[in-house]
Amino acid sequence: MTLSGPLTFLLQLPLASAAGAADAFLERLPLVARDWVTSWLPEPWRWLVNSLLSIAVILSVFGLLFAYVTLAERKILGRIQNRPGPNRTPIPFTKLRFFGLAQPFADGVKSLTKEDVVPRGADHLLHFLAPVVLLAFSILTFAVIPYGRHLVPVELNAGVLYFFAAGAATELAVFMAGWASRNKYSLLAAMRALAQLISYELPLLLAWVPVVLVAGSLSTTEIVAAQAGWQFNVIPHWHVFTPWGAAGFAIFMIAALAESNRSPFDLPEAESELIAGHLTEYSGFKYALFFMAEYFGMIALSGMAITLFLGGWHAPSPYVEFIPSYVWFMGKLSALLLGFIWIRATFPRLRMDQLTRFAWKFLVPLALINLGNAAFWSLSFHWSGPFQILRWLISVLVVVGPFVLLGRKLSAGVAPRVYRYAV
Amino acid sequence: MTAALVLIAVFTLATAAVALSLRNLIHSALLLIASWFGIAAFYLWAGAEFVAFAQVLVYVGAVSMVVLFAVLLTRRSRADTVIAPDSVARAISAVITGIAVFGVLGAAILNTSFARLSPAGVPPLPSGTGVSPVISAPTATVRDIGMQLMSTHAAALLIIGILLTVALLGAVVLAAQDGPESKQESP
Amino acid sequence: MSVSDLSALNAQRATPGARVREVHDSFHGDLLEVSMGPHHPSTHGVFRMIVTLDGETIVKLKPVFGYLHRNHEKLGETVTYLGSMPYTDRLDYLSSMTNNWAYALAVEKLAGQAVPERAEYVRVILAELTRLLNHTCLAGFLMQDCGCSGTPLMYAFREREYILDLFESLSGSRMMCNYQRFGGCRVDPSADWLAGAQKLTDRYGTFLDEFETLLTGNEIIMARTQGVGKLSPELAISAGVTGPMLRATGVNYDLRKVDAYGVYPRFDFRVPLGDHGDVYDRYMIRVLEMRESIKILQQALAGLPAGPIMDPKAKLRSFRPKAGEAYGRIEGPKGEIGFYLLSDGSPNPYRYRIRPPSFINLTVLEDMCLGHTVADAVIILGSVDIVLGEVDR
Amino acid sequence: MESPEQIRDRLLARFPGAEISVVTNPGIAAQHSLLLGAAHARAIAEFLRDDPTLKLDQCSNVTGIDWPEKEIVETKNISTPDPANPAAPPKVVEQKTKRLQPGFLEVVYHLYSITHRHGPVIFRLRTGNRTDQATVPSLTPVWRSCEFQEREVFDLFGVTFVGHPDLRRILMWDEFKDHPMRRDYVEPDDYEWEPTPHGAVLEKAKAHYPTPPAPAAVAPVKGAVA
Amino acid sequence: MLGTGLLQGLGVTAKNFVGSFHDPARLTTIEYPEVKTKLPEAYRNFPFLVTENATDPMGTLRCVACQICEKECPPQCIYIEKSKDKKPDATGKPQLFPAVFAIDTSVCMSCQICVEVCPFEAIKMDQVYEIATTDRFSALLLNREQLAKSNAYYHEIHPTEAAEVDARLAAERKAAEEKAAAAAAAKAAAAAAKASPVAKPPLTA
C-alpha cells in the first residue's frame, strides 16, 4: 500500500488532483440539482425536503434498477440458455418492442391486477405484515451506502453495523411469511430460511470484520476513503487487491448469495422441492413485494460489497477519473449483479445439510483465518523491499493453504468416478 | 425529546406485556422481537449507536432465530400441562428469581460511574423518528468500546465467553442424544 | 398406515432394502406428512408421493399414481393390432420409436413375421436416436431437479429438437411417430435423411463434451448426487429394476446383448456399469450409454444395406395372428419395455399387456429415499426416469 | 435352458403331489408355460428363484387374464356304420355337446435369469372362479417386482393376492368399485357431454344427463361451413 | 481443487451466452407468428379427402364410402354414411360416395392409419396446423365439405408422395382401361365370332 518510489511520483505528476475531480461538474451534478430544487423553498423546510428528496431518489433509482435487473436476469438467463428471453412486450398501443423493454411494467401491472389469495387457515395479520416488513428493512439498508463522492444518504459512525442489523431482520419476514401461510411447504421453507440465516450471518459478518480492522472505522465513508489511491496509477488500493481482501470478498459474496436466497443457496424457495417455499401462498402484489425485497437485498448487499472491498465509488485508475463516481459505483454494481445472474444460470442447488456444513466447516474457519491474516497485514504495513514480497507471500499462503486443506476435507468422498465396461 | 422516550418505553413495555399474555407462541416470539427493537430504539435515543445496532444484529438477527427454532422444534410435552400456571411454588421461585435479577442489575447501575453529559451533548432528535442524521457526541467509538472490553472488562468478557461456550456445549450434548442409529451417511 | 404397522411391513419384506425407521422415541418431534404432488413442480407429471418427514428426513414414502390412467390395456383389446401402434407412442412420449419397436417385435413374434434387413438397421438407428433423446432429456430434468435454473434442461432440449426434427421429417410427427409396422417400417428413409442423421451423430459427441463439462465435474452436483439413493444389486434384481438403473448398480444386463434382438449383435459397443448404484452413477451410466449409442449409430449408418423396408408378405389390413401368446421385449431407454399379447385368432388381441419399465422401476423408490431428505427424494425420483404416461397407462 | 417339461419333471420330483402341468402355446412364438396349483406356488417360486441351474432371479412381468365363463359347443361327428349294409359308407351324425367352461382369472408370471441370462420361464396361477374364490398366493415376498404389478392385477382384475404386504388399488382410486380390465366390465355412463359422431356414447351421455348442457352444440353434424 | 468444476461450468455458460448471439446452431428459437419453420414434406396433421377436381369437390371425391378407415381408426373419430345412389367416379365407373363423412378432430390423434388402410388413395394427411378455434364443439367436427381438398393441393404439400400416388393410380387406371378395352374387344370379338364363325379372333386379346 505504501510502496511509493520516484516512479510513482513521476506517474502521478501529470494527473489532476483529487480535489479537481471532486469539484468536477458532473461529480457535483446531483448536489447542484438538489440545491436548485430546495432553493425554491423557505430555509426551515430545506433539511426535510433534502431528506425526502434523497429518499425519493433512492427509491426511484433502485426501483427502476430492480425492474430492469429482473428483465436483465430473464434476458441473460435466456441467452445463457440459448433463447432470446422476453422480447415481445411492446410499448402500449404501439408495435414498438425495443427488445421487450416494457416487460417489467407489464409484469408490474399484471401483479397489481391479480387476485390476492390468502389461505383460509392463514394468520392473516402476519401474512400481510411479512412482505411489508421485508420490504421496509430491505429499503432501510440503502441508507448508509456511499453511492458517490458526495452521495451518502446518512452518515453513521457505525454505518456498516447498521447495514447488517437492518439486513438481519429480513429473514424474520421470511419466517413470518412461511409460518403465517399455513402450508407445510411454506413452513419447511421458513425453517430452512432460519437455519440458513444463522449459518450465513456469521461468515458474512466475519468477512467484513477485517475491513473494519484495516480501515479502523465502521463508517462506510471512511472505509471508502481508506481505499483511495493507486499503485503505479493502475492498481487501485482497493481491499480486494490484497490477499485477505480477495478472500474476504469471496467469502462475503458467497454469504451474500446465501443471505439473499440466490442460487445455489435458494433453498427456502427451492422450486423443485418446496414449490415456491415461503412464497407458495402469496399471489398478486404481495408476491411482487417479496420479489422486490429480494432484489433490493441483492442490490444492497452488492453495494455493500463494493463499499467494503471494491473501493466504493473510486475509479479503477486515475486516467478514468473524469467519469463521475456514481457512474463507477453503478458500473461495479451492474458487474456484481451480472455475476449473481451468471451464477444462478450455472449452479445447481445445495442440500440443506451441505449448505450448513459449507458455512460452518468451510466459510467460518476461512473467515476467522482471514481475520488473522488481515491483522498480520495491518501490523506489517511498514515492511518494505524484499519484506514486502515476503509479506505478500505469507498472506497469500495463509489464504490458499487453508482453502485447499478445508476444501479437501469438505469434498472428501466426492470425486469424479471411473466406470467399467462389460463388452 | 421526552415524548420520544415515553413512546419508546410504552412500545417496549406494551409489546413485552402482550408477548407474555398471548397463547400463540409464535406471536409471543414475534412480539418479543418487537420489544427488542424497542430496546434498540432506546439505545439510539440515548446516543449509543453501536450498542443499538449490535442489539438489533444480535437479538433480532440471531437470538430471535434461536427462539423461533426452539418454539417450532420443541415438542409439546405432557410436563407443560401438569404444572399449573398459578402454583404457589412456581410463583415464589419466579418472584425470587425476579428480585435477584433486579437486584444484580440495580446494583450494577448504582455502582457505575457515568460520565457527566452536558445537555448540549445529547443528540438532537427529531421527535418520534428515532434515527438522527448526525450524532455528534458522546462519541463512544468502536475503538473505545474495544479498548474498554479488552482492558478493563477483559475478565468479564472471558467469563461470559466461557459461560456461553459451556452453554453451547451443553446444548450440543443434549441435542446429540439422538443415538447412533440416526446417524445419516453423508457424502 | 400407522407407524406401528411399519415394522410389520419391514418384517414382511423378505428382500434386502432400506428399512422404515421407527421414530417414536421421546426425543423426536411429531412427524410431518407432506403430500408431494400431484401438482408439484418436480414430480415429472401428475405423480404424488405421500412423504412422512421427521424434520426433513424421510421416514416413509408412498407413491400414489393413476392420475393419468386411461386403461390403455383395455383400449388395446378393443382395437386391431395395427390400431394399438399409435397408442404405444403415447406410453412413454419421449421414446415413441422404441415403444413402437417393442410392440412390433411382440406382434412379429406372435405372428411369425419376418423383418427385412434394412428395416432392422433403420430400427436400430431410430432406437439409438431415441436413447440419445431420452437420456439427454433425463439428464436435463435431473439437473433441473437439482436446482439448475433450467440451463442444462435447455441445452438438452436444444439437442432434442434436432433429433425430433429428424423424426418429423421421417415419420411426419415429432413425438407421436407411429413409424414401425409389423414386418418393417412405414417409410424408407431418404438419402437426405440419412445424411442428416449422420451429421447429428457426428456432432453429438461435441455436445456431450460440453454438457459434461457443465455437469459431470461440478462439485455441487457430485455432492448432491453421490451416495444418494443407493440401490443394491440384489434389491435391484429382485425388484425387477431394468435399464440404466440396473446397470448403475453394477449388474451387467443389457437386453441388446442378452436377447441380441434385431441386428444388435453386428455392432460393436460396450455396456457401462456403475459400482455404487447412486444417483450420480445413474446419471453417468446414461451419459456413457449415449457415447456408446453414438458408436452404434455410426456403425449402423455406415452399414445400412439396400433393400425393401417392409416385408412384402406383411399384411396391413385384416391382420389376424394365429391363436397363441407371445412376450416380446427390447431394451428401451428407460429399461425393459415388453409387450405380452394373447391372440384368440380375431383381429383384436384377447389380452394386450405392457410391461412398463418406469412403473416397475418405481417399486424401489421408497427403499432408495428412506433416510434421505426431501431434496434428495426429488433427485432420486428424477434419476429413476419416469414418464407418467407409461407409469399410469 | 431347460424346457418347461424338464422343469415340470424336476419340480414334481422336488415337490411330490404339487399340481404342475405344461400349458402349450399353439402360436408361432411357442412360449410354453407351466400351470401351478395355488398350494405349492410360493414354494415353487422360491425354488425357481434359488435353484442353481435355473436361478430365475428376475420376475419381469406379472399380468392377469380374464377368462369369463363361456359355453363351449363341441361338435363331434359320430359315424355309425350301417349294420344292414357294412359296405356302404358309414352314416355320419353330427352330435353337438354343450359344455359350460367355468370362468376364472389367470395370473401370468414371466421369469428371467439375470445371472444365467436365460428365460423366459412362464408360469400361470389360476383362481377358483371369478367371484368369491378369486385368490392366488402373492409372490411379492419372493420377487419385489411383483409388489406393484400384483397390486395392479388386484386393481384391474380383482385377483386377491394372499400374503401381499400392501394390497391396495394402485391405478384406480380407492373408492372405485369395479375391476375395469375384466371382460364383462361395463363402463360408467357419466361421460362429459360432447358432440361426437358416434351414437353410442352420445346416447349414454344423454341418458345420464337428461338435459344437454349447451343447446347450441346439440346438432352433431352441422351443415356445410366454408 | 475445490471449485474447478464450478469454474468450468461458468465457462460453459459464458460460451453459450456469447454463442447465442452469433451461432445459429445455439440460438435455435424462431419467433413464431412472424417466422415459420419450413415443414418437412412428411409432416402430417389431420386427414383430408382428396378430390380430383377443385371446381366440383363433392362430385369428384375419390372416397367410395367403403368404411375401412372408419373401422380401422383407433380412436374411432371417423363417421361415414354411405350414399343411397351411385355416381360415376373419375374413371366413369359408378361408385357409392359418402353422404356424410365427418372427422372429429378433437378425438383424432393424427396417426395416419386411415391413410394407410385406404385402398382408394382417397384420404391423405393435411399440413395445416393453425386450426385453433373458440368453438370447442361443432367447429372441431369437420364435415365432408370442410375435409375435401383438391389433388393439386395434395401435390403442393406432399409432392413426392403425391407423384407416386398419381403414377400408381394412373397405372391402375390404365390397367383397368386396358382390361376394359380387352373385355370390350373380347366381347366384340365374341359377338363378331358369333356373327361370323370364320372370322379370326383379335390379336390384341
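Assorted remarks:
Residue numbering begins at 1 within each chain, and the chains themselves are lettered A, B, C, D and E in the order written.
FYI, a contact is a pair of C-beta atoms (placed from the backbone, for glycine too) under 8 Å apart; a residue touches a chain by one contact, two chains touch by 3 or more.
Treat the numbers as computed from the prediction; the structure is a model and nothing was measured.
Listed by label, the chains that touch subunit B and also subunit C are A.
Taking the mean Cα position of each chain as its centre, E sits at the greatest distance from subunit B. Located most centrally within the structure is C, per distance between chain CA means and the overall CA mean.
Across A-B and C-D, it is C-D that has more C-beta pairs touching.
Once the centre of each chain is set as its mean CA position, subunit A and subunit E turn out to be 62 Å apart. Once the centre of each chain is set as its mean CA position, subunit A and subunit C turn out to be 44 Å apart.
Note on chain placement: the centre of subunit D and the centre of subunit E lie 40 Å apart, centres being C-alpha means.
Chain centres here are Cα averages; for subunit B and subunit E they lie 82 Å apart. Looking at subunit B, residues 186-187 sit in touch with two or more other chains.
Residues of subunit C in contact with at least two other chains: 151, 155, 158, 214, 216-220, 222-223, 226-227.
Among all residues of subunit A, those that touch two or more other chains are 80-83, 345-347, 353, 411, 413-414.
Partner subunit E is touched in their complex by these residues of subunit A: 76, 79-84, 342-343, 345-347, 403-404, 407-408, 410-411. Residues 79-80, 82-87, 89-90, 151, 155, 158, 161, 165, 168-173, 176, 178, 186-187, 210, 213-220, 222, 316-317 of subunit C are the ones that touch subunit E when the two sit in their complex.
Interface residues of subunit C, counted against subunit D in their complex, comprise 9, 12-15, 17, 65-66, 69, 71, 73-74, 109-112, 235, 237-242, 251, 253, 258, 321-327, 329, 336, 338, 340, 342-343, 350-351, 353, 355, 359-360, 362-364, 392-393. Every residue of subunit D that touches subunit C in the complex is listed here, in rising order: 25-31, 57-61, 63, 65, 108, 110, 114, 117, 120, 122, 141-145, 147-149, 156, 165-166, 169-173, 180-181, 185. Looking at the complex, you find that subunit A touches subunit C at residues 77, 80-83, 184-185, 188, 263-264, 266-267, 270-275, 344-354, 411, 413-417, 419-423.
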